[in-house]
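Working notes, beginning with the structure itself.
We just call them A, B, C and D in the order they show up, numbering each chain from 1.
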């Protein structure tokens, strides 16, 4: 099971939903970055369950402990280990699911792959695995902020409801994390209504990175958008990724889509901040499609490990719509991808011939 | 510049558009796979330029030579090197572009990254780089066919025109590679009309993989769909990726989206053949958004390396719509991703505890 | 800082000598391997400080906690995290060394590389980092034992004293871990005498792996002996590696060195169990040179971070000869290397053409 | 089969002894390095067979062609492909060996691993594979020379004959590549005498790297000496590696071995230029043990693929002692290792806190 992401700046996450702890190792972090438990906690608190009525009611304080790699408030260049203990794991909620393949979950495929399964709360396939991503992402964010880059994600669609405005400060002031003042309460209402019906809703999260230097990413296999796609599609429940105009580009003509350059810089940004796999210096804009959570209260039919048909109802505490909590995870994966590309670029840019624009 | 894709079965491509040759090294291929130059050529011929009026008119026979790794018609387990010599490189077509940043191209970003640039036909950022991918993909396809898996891609959208039918044999019988008999000629006409106008069109390519065993892919960072996203987004001009219902999943409810299992297997396949990052055994269905080619005949305004504004017109021979030629490249990246996951699965499945369904 | 070793079966260690904990993530472990904290503890106890008069007197119980990847006594295929809390860290022992470059230590080079330094007990460059290696190695050992392979290391030289006999059970019955009954007490006496003099001694550790299947390792860059060399040379204080006849092969003729094969198998094993980078099925025999520990009580002259000459004496509790405690670490790195090669071989052997000897 | 070495600066070699070509892809090379075919040829000519009476008499001009990555005499940052065609492959020399396991060769292990085998001249396990290493190493050397580092290897032992002097310019003026004027002719005579007897000789090659900046290498798994060990042990026939005092360190006391620092720098260099896995700035000195070539003219007994005992005599043209031709390969692997570490150091050193010595 590969739990590692990145090339020079790498993370490896660990931990099951109902095990004693989840966490991450961040390796390759440059020295001299100011990092404290509080800095990491800030992002973890945004991912934490039980924040509002639109998220799962599991109560986890998700307090991070830094086990290594930080000395007297700064990174030393050494491997950073971050651990979060779990406290509110109610494994008994899952005892009736021990031998059942829940539809839309990884139960069946995990069983096919490994032949064993930690059935408690999806084990390793749980969204709880993302605690480690968010913790490491907070440090990657600090690396990026050191060069003036800023990453924010927000919910732009819930079910049929699509945000128009992009008031980014507002996005962190409502439980749905929607940047549209008019749409946010409607989205919240839709999620609550869906939960009352025992059902769940999908949505779309947009990621915006500003201040990213030009020149990050590689032109062939490690195109910056390909790396972002890998990182963001590795988040559970994400079913699609697009950069810039994305699928809308299919309907455009070249004369429309080509971002014209002037002496003042790019006149448009249909490309979404990346050309030929390398950042242009313009804002990087990407979107991910988030499926409705598989865990719903409505009784469902399925089969068990013996191939017998069964009906079951899920009793655990679950998110009725994942978007609000995918937001910090999407930010984390974006920060990690960009910081890794930044480090790799540092490795070559000192060699760059001096004849420049 | 990372030109490597894959973990156990890896490719590394090389070559510039107007250099002497392009090619690939395929490493990690299992021994005993029947491989000939003809087998590789079959896929290369489908990618070759000049196949029809809807592709670039550059004439390249793209004949492959196998330099290593195949002995007496079978792979030996050794590193496979495949080389294709270029013959019809008209570098003079690009002499007027030497110091110009073409809009929508990697010219500006490549310059920002490396400070030097092979301006002849985009150098390494050219679509010609994909020759190596397709050549290696043909061998990965042979590996997959050995376990009964089959991968096909086809054009499902060109501009506003969307295919309805999925007549897969027909897809290879028309120049657009569209699986819809009614829509194919309309798409072809639209492309030709766009080219006459000196412009270009975008589209969507769908990839279908059948017969893929359950259990491929990893549940965390190397989710099979995340790996596919990486591989397919690393193809130039691809701006979006989706699996199964993709972005349409944003509008679905959990009770709709969850693929119900019965004693006879999965009743639906909204997930697109992958659950929790691991293949289910159902067909894997993905789509990629392809932007309209940046190289258009219409004169465009831009700046040069000195920051001066310039107007220029592209004179090279270019594709008016990339979809028909992206099809074999998308198949190659899918074959490589799946074959790599298959090999990695082989590494663990012999350890699988024997208590199974 | 890369703290990762392995390709399919990987470890990433973390933790500083005087930080709150050290540990490791083991990824890629196959499912179904019986693993308990006791199994891991057994190897950790052999590495633990304070075992005897010939090791450092730091008192660390080194109790391991399994945080993930093991469920109901067997591995699940998921990422395994192992943590060991530190309790007897006397950082004040190091306060006088804060700005001094201790000779033979990584102080100066770490400073040159990172510009910061965790001066407490060498920080990340401490031998305490190997706790994670040994913990993960215990699980790799369990994987190997499942196929009948067995790995043991032992001290064959301390200073001028060279072991003749190879009584392997005896090696674990004396504090020096020497397999020669006559030599063990003499080695012990030499170490104690050296410690009384405030000095330290070097030595040689031999590693023997039996029951290793033929076919492990790759013939080019990842030759099995090259991987072993990487793994074993990555242990601090190791200055040399040799396989089979090693440096003695320089004096041999081909007609002597070539291991002749008969119908009954190999008649000799000068190669040390590996030919062309691939295991032969014969015992793998390697040796590593271990330098005398740099931390000695004798006052030494050096410079500090300001370039000023200084005299200092080390006050911490240190090993007078590293061999006895390098033994379990060398076993761990050997187990990890072999288990990784075993998994990679599993990935290809099912493809092997069926025409065999 | 992994044929890749390196992390940021990577090589992947390809080609069999008697296939149409051998070569290499070098990826991650920084832009702006002056590279020509002549520069690469210079190192290839030093590795070429048939240089003197003490090497194999196979006649290969080994002319390199640069297929990509170099434009107008400088590297562009793009993937560099280098190919060398083979011309003097006499496969018939090997027809009698088709089903025989030659002692000391990879025949048996390759067969065990892959179940197929390219029997012509050892196929992929041939020393001819190193053509790619040397070609890529020449470019890595150019990278290093840009920062003032210089790498040279030379023969310091042949059989019982050990060089005393280190007259490095002289090493390239005699066919044995020995830096000792008195010993060189004796070594040459010993090799010729051994060849006349149909036998072969082992030896030791020493590698010296000067001008290497302090700070290269990682303190844990990717210690610079561990990476060198990996790279050098991956050369066929190498049975041992040591750095600095190496195995002699086993007999030293800490008070002797610790390299004392003064205001003027290091007073000694017993460590061999690396402390704690990181370069000190002092010369890096390593040695490798080279076994006597397995291919000897003396008839030998062995078994064939059917388990039948056979006697055979090798008829191909072979090296009677590998040291002279291992020299350029050892330099190449050292250059590649150091250049990779240099690039990785560039990735982090710009982050280094500014408070320095």
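The working rule: a contact is a pair of C-beta atoms (placed from the backbone, for glycine too) under 8 Å apart; a residue touches a chain by one contact, two chains touch by 3 or more.
Because the structure is a prediction, the values reported are computed rather than measured.
**Student:** Name the chain pair with more contacting C-beta pairs, choosing from C-D and A-D.
**Tutor:** C-D
**Student:** Which chain's centre, taken as the mean of its Cα atoms, is farthest from the centre of chain D?
**Tutor:** A
**Student:** Go ahead and note the Å separation of the Cα centroids belonging to chain B and chain D.
**Tutor:** A distance of 38 Å separates the two centres.
**Student:** In whole angstrom, how far does the Cα centroid of chain C sit from the Cα centroid of chain D?
**Tutor:** 26
**Student:** State, to the nearest whole Å, the distance from the C-alpha centre of chain A to the C-alpha centre of chain D.
**Tutor:** Here the centre of chain D sits 45 Å away from the centre of chain A.
**Student:** List, in ascending order, every residue of chain C touching at least 2 other chains.
**Tutor:** 1-4, 13, 28, 31-32, 74, 77-79, 113-116, 124, 219-220, 348, 352-353, in rising order.
**Student:** Show which residues of chain C lie in contact with chain D when the two form their complex.
**Tutor:** By the definition above, chain C touches chain D via 1-5, 7, 13, 101, 103-106, 108-116, 124-125, 129, 157, 159-160, 194, 199-204, 214-223, 225-227, 229-231, 233-234, 236, 239-263, 271-272, 274-281, 289-296, 298, 300-303, 305-309, 345, 348-349, 352-357.
**Student:** Please output the residues of chain D touching chain B within their complex, sorted ascending.
**Tutor:** 1-4, 10, 12-16, 19-23, 25, 27-28, 31-32, 65, 67-69, 71, 74, 76-81, 83, 113-118, 123-124
**Student:** Where on chain A does chain D make contact in their complex?
**Tutor:** For chain A paired with chain D, touching residues are 8, 28, 30-33, 74, 77-79, 219-220, 343-344, 346-348, 350-353.
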